């Protein structure tokens, strides 16, 4: 234990929390948007994966980071359109469609990777680009905070910015209002001439774009290549974070950070020689505990209100 | 009276499940009139209006507005053509404010963001113009129904509705609110709007409508000037036979107390005092009515009595048993039956069959299952009997309840609750939104059960109903019983209204005398 | 079933090419184990003119046995498959097709338990290779090499806590202790073999704990650890194939930091087996353990190795290597080792 | 003809057209990537029937699918969006292996005890999300998704610390004794007596759902929880037992699979049957009766695809893409809906005309 504390309170640990959180944050923001419009996006995992691949391929062929990221985003949007078409137009069950999308991506990416890089596992033979890390002028000179907050990948900052932007978008813009209305009471939206399906399409597209950014971060920031199934369940964890954060951008941000913290913790805990399985469990147990504690609190609040009044 | 503003010609609508909801209907409305649309449950009124508003598309027929044929394929087109609709079930987003609901879809913008100030201003402006006062910044979920109704009307007006469709707007309103609504409708009419008004309440039709179109079985069976027809004639046209809504009952012969509520308090999640030391009782063989504006604690009171929620203070005794720690099942086993006001939430599982809906309170009984195995044949014959007894219009017991019309769904609920050999029936808005034929039937059944010695607690916002049906009458206001009348026939509607709005309150002695005899 | 083979009429010179099927119970693209087998297949094809087909069976165990049976019924001379998991299926199916020949790599069938005259097994002494890696790493961490720090700390990132991986680990630990009994080793397991981002995190966490060299043994996930070396400007040792050369050209900066790799030459061992078979010298019905001596295991000595590693260290490696081959140094194996013993070894280097 | 009949008829036509379209799409993809498209398609479609072993493979795969599909059916019918099938299947396998290795029991009783224990442990795992939901209203989707990983790691740890074979080169338990394993029932295949257990469970689940009072309470709770509560059904209990039963069935599935198909426990990752179960349950419209059909269908797809990848040059990855397309198209409800609507209108109007005429 005495080894652990200095590690947790080190700046590099705090720094790593942000780094680990980034892809989950993107995906959980993506989950918020689609959820608010009343469409569950189980396909986030697959969308991220595909976007990660397309980012690598396009940046390798154009030698442009920007085009790479844009392609990743475009891939996210395109796949979510497919999801939307099947679930909204053809009325396939949305969960099933999401699962199918994941299945599709998991195979499709490897196949494409093989076409592009003659490799079925990893894209190292492609000279793909990486989104650079930047240090932020003023912040980087603050002693401790600077080390934690500065020097991250640009996409990490984008993800933090997105928390704020999504909040504004959902609660202050017309489209955001419509998305919330559609998700909560589609009939009401319909009755004032809002096309429910169109709004859900748009929500899914935005959701896809965010997941695309998450994918781009995985392969063009976190690491510098694409590898088979590299998202490794982060899309599902994002769904958990979104539920834990009760669908609000800020709450979800917190939940994602908690998960990131637990994950980072499990990475440093291993040196303590606790059985590896227990350490690997930490992030998931934390999420369950977080969810339970949140739910208990919510419950107690209700009870307390009553008791105080009686 | 103006010229024909709307004509729906030879409209036929078949739902995907094959139900022919409208067949060759012709429907014509003149400018500036209030036109009533009447018919039994399932006659096709809502369907006809949904087509006018673009929520459904007709298989055949044409719609003319001001003589011009138009194709209405979505609410947007309808709104563009000056049609507004206030739906039978509210179309509001509960978590949003009034102003946000008002501008939904036509949001005022500033730099790409919603201009919330402007939204509030717009709401205030139109609310002043039509004298429908609302608080723009209140959240919908906190509003009483009357207020929601106003918001719905304003919403339609804001979108420039010339023709306003109101689908059963009064079903959930108090007399005062209804009166207010009617005044508002008259103002609208004076301002040149045309109103299509759907209601099951003949009195209301007589009061404000100019003409009436009657539907039966999906077809139009005639258009009349309201002043030319009597209520009885309308009923006959709708149902195809004479309806007697006059309640014929002998004086009650009450016996033992079956329900006793004593000093019960209840506080909601937000910490608001919903019930305030409320006390009363119900005896075998009597109908006790509770009148009151909705939202004065009636719903919560019933939730406590039926075990849907738990009370902290006071006591509720059913058949000599305190129910504080009992489960709903145990309470039901004491002999309580409950017709919920919200039939789609509590009354039925809409995707389940009629059979499944009817056995929900008794599937656990020995005669319907054998060590856990359901006795299918027994259940089928039981349900068949009930369908016959309660005249539920359906193909068979396996039909999902969702396929039935509102009135028939209510009959399913009533059939279940009345046939469980109850000692006490809690009937909350038992006739809401159902047609006269069905109402008549439910009244008869209620009185019959009373005469067999069942205690009935009747809660209704329909004053006529509580006054006619009850033997004793209580009035609830602000979570308290503010008045109690030994003989409900001796009260006037006006007097009741005063108590319901909290203007008058009986002194405690007077109340106790009645309560603790 | 057992069919008797018709006597073959083979004309001199116009010999039928060998038909060889390689069944991989995983996917290609791992840049180590399965890819190496694939390389072997390619080389066999070009070198001996054999017809080869590589079949990826994927990670789903359900499919392995029927595929093996299916392929056994087809027209192949030799069927090659690897890993311990395939061993049991092979033990079951090979006796049913006595006219077929099977090569099992990275595991051995239990010859005492049945009639496996048509199976040849190859085991690898990866512990010998990683012994060298451990010794090298322990020297480097306190050396005056540019990126080394004074702390005696090195790292190991394993894919999963399983015998094959731990075999690497045990060799690594013993090698490090051989040159410096005081050495501390940070040990982490990723939990799978494909999450390269997690692999990177694990390595980063170790580098942040004053480790200056990480030895990742985690297939595809281990590539993340090499990435971590690059972003932290610390050293790494690759595994299975010569990983510095994979990055040479596309990422020279990273290649520079991969000081060496513990080679597990599956390809070479397969080629060797086929060569022996063609010469008629392959010992069917036995298992061979290939190690440093057979050059199936070794340290990669590429240009970066020569450039970055000081001469005296390179000499030391050669010296230890010779001692292992001669049997002077005995390296323990984690295969068959009980958990307590393993824990004891791991705890002896706990930081 | 009644409208209902039209609907049924249409359902069949729609499924066929969907399969046809999916196959066309598959063919297009195959044409794109393969030099031997005809062989590829033939081996995909007829491969599973080309030998008894291959057909056996389909049935072998159908067995675990049936269990995971049934498990999901039960939970989904109660509107519990619980993904624990995956984890429960896994721990069921671990638990059964434990009994198989640690106890020496007579042949008939041994697998029975192992499978029972697998079911119990699976049920306990299912209990957890249910309990959290009822007690504190914690979202079961989230808790179960996370719990799956906990199941994996905890199961792995338990296995390693109790029944691990140190001589095995991978993580694996000791070899099961003969007495514990499920017997093969068809020579030349690996089809094992777990098939009977699967069939038994289809019947049991169906009876449970539609013929018992507990199944009734479960369905009503799923259809409308408020209604069920109001009717006096103890919905909390229902929510819990639906998930326990779901976990139990999945656990039994895991146990059956391990004892039927393997000689020792060696899953070092979640086997993925949980998600397959969701696919199957949705294709089967949550009705246990349709589960075997959906399970067989999916197994057939998988095995056919596999054979195609092995026999031809179509890479195995393309196949998961093709599977995805087929699944989604078959699940598409609105596919051809317009055409159906027209038929129904015509039919209804004709009937009306007859009645009046």
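Order of writing sets the labels: A, B, C and D. Residues in every chain begin at 1.
Following the convention adopted for this analysis, a residue touches a chain if its C-beta (ideal position, glycine included) is under 8 Å from a C-beta of that chain, and two chains touch if they have at least 3 such contacts.
For each chain, UniProt lists the protein as follows: A, D = Simple sugar transport system permease protein; B = Simple sugar transport system ATP-binding protein.
Every value quoted in this text rests on a predicted model; they were computed, and no experiment measured them.
The chains that touch chain B as well as chain D are A.
Taking C-D and A-D together, the pair of chains sharing more C-beta contacts is A-D. Mean C-alpha positions place chain A and chain C at a centre distance of 35 Å. With centres set at the average Cα position, the gap from chain A to chain D is 29 Å.
With each centre defined as the average position of its C-alpha atoms, the distance from chain A to chain B rounds to 45 Å. Shared interface positions of chain A, i.e. residues touching 2 or more other chains, are given as 110, 120, 275, 277, 280. Shown for chain D are the residues in touch with two or more other chains, namely 153, 160, 316, 337. Among the residues of chain C, those in touch with two or more other chains are 56, 160-161, 191-192.
Annotation, chain-chain contacts: A-B, A-C, A-D, B-D, C-D (touch as defined at the top).
The part of chain D that touches chain A in the complex is made up of residues 33, 132, 136-139, 141-143, 145-147, 149-150, 153-154, 156-157, 160, 275, 278-279, 282-283, 315-321, 323-325, 327-329, 331-335, 337. Contact residues of chain C toward chain D in the complex are 55-56, 58-63, 65-67, 69-71, 83-85, 87-88, 106-107, 160-164, 191-192, 335-339.
Chain B makes touch with chain A in their complex at residues 53, 55, 74-76, 78-79, 85, 87, 89-96, 100-101, 104-107, 109, 112-114, 155, 159, 265, 267, 269-271, 273, 312-313. Of all residues in chain D, only 53-54, 56-57, 60-61, 153, 160-161, 164, 166-172, 190, 261-264, 266-269, 271-272, 306, 309-310, 316 touch chain C in the complex they form.
Across the complex, chain B is touched by residues 3, 211-214, 216-217, 219-220, 223-224, 226-234, 337, 340-341, 344-345, 347-349, 352 of chain D.
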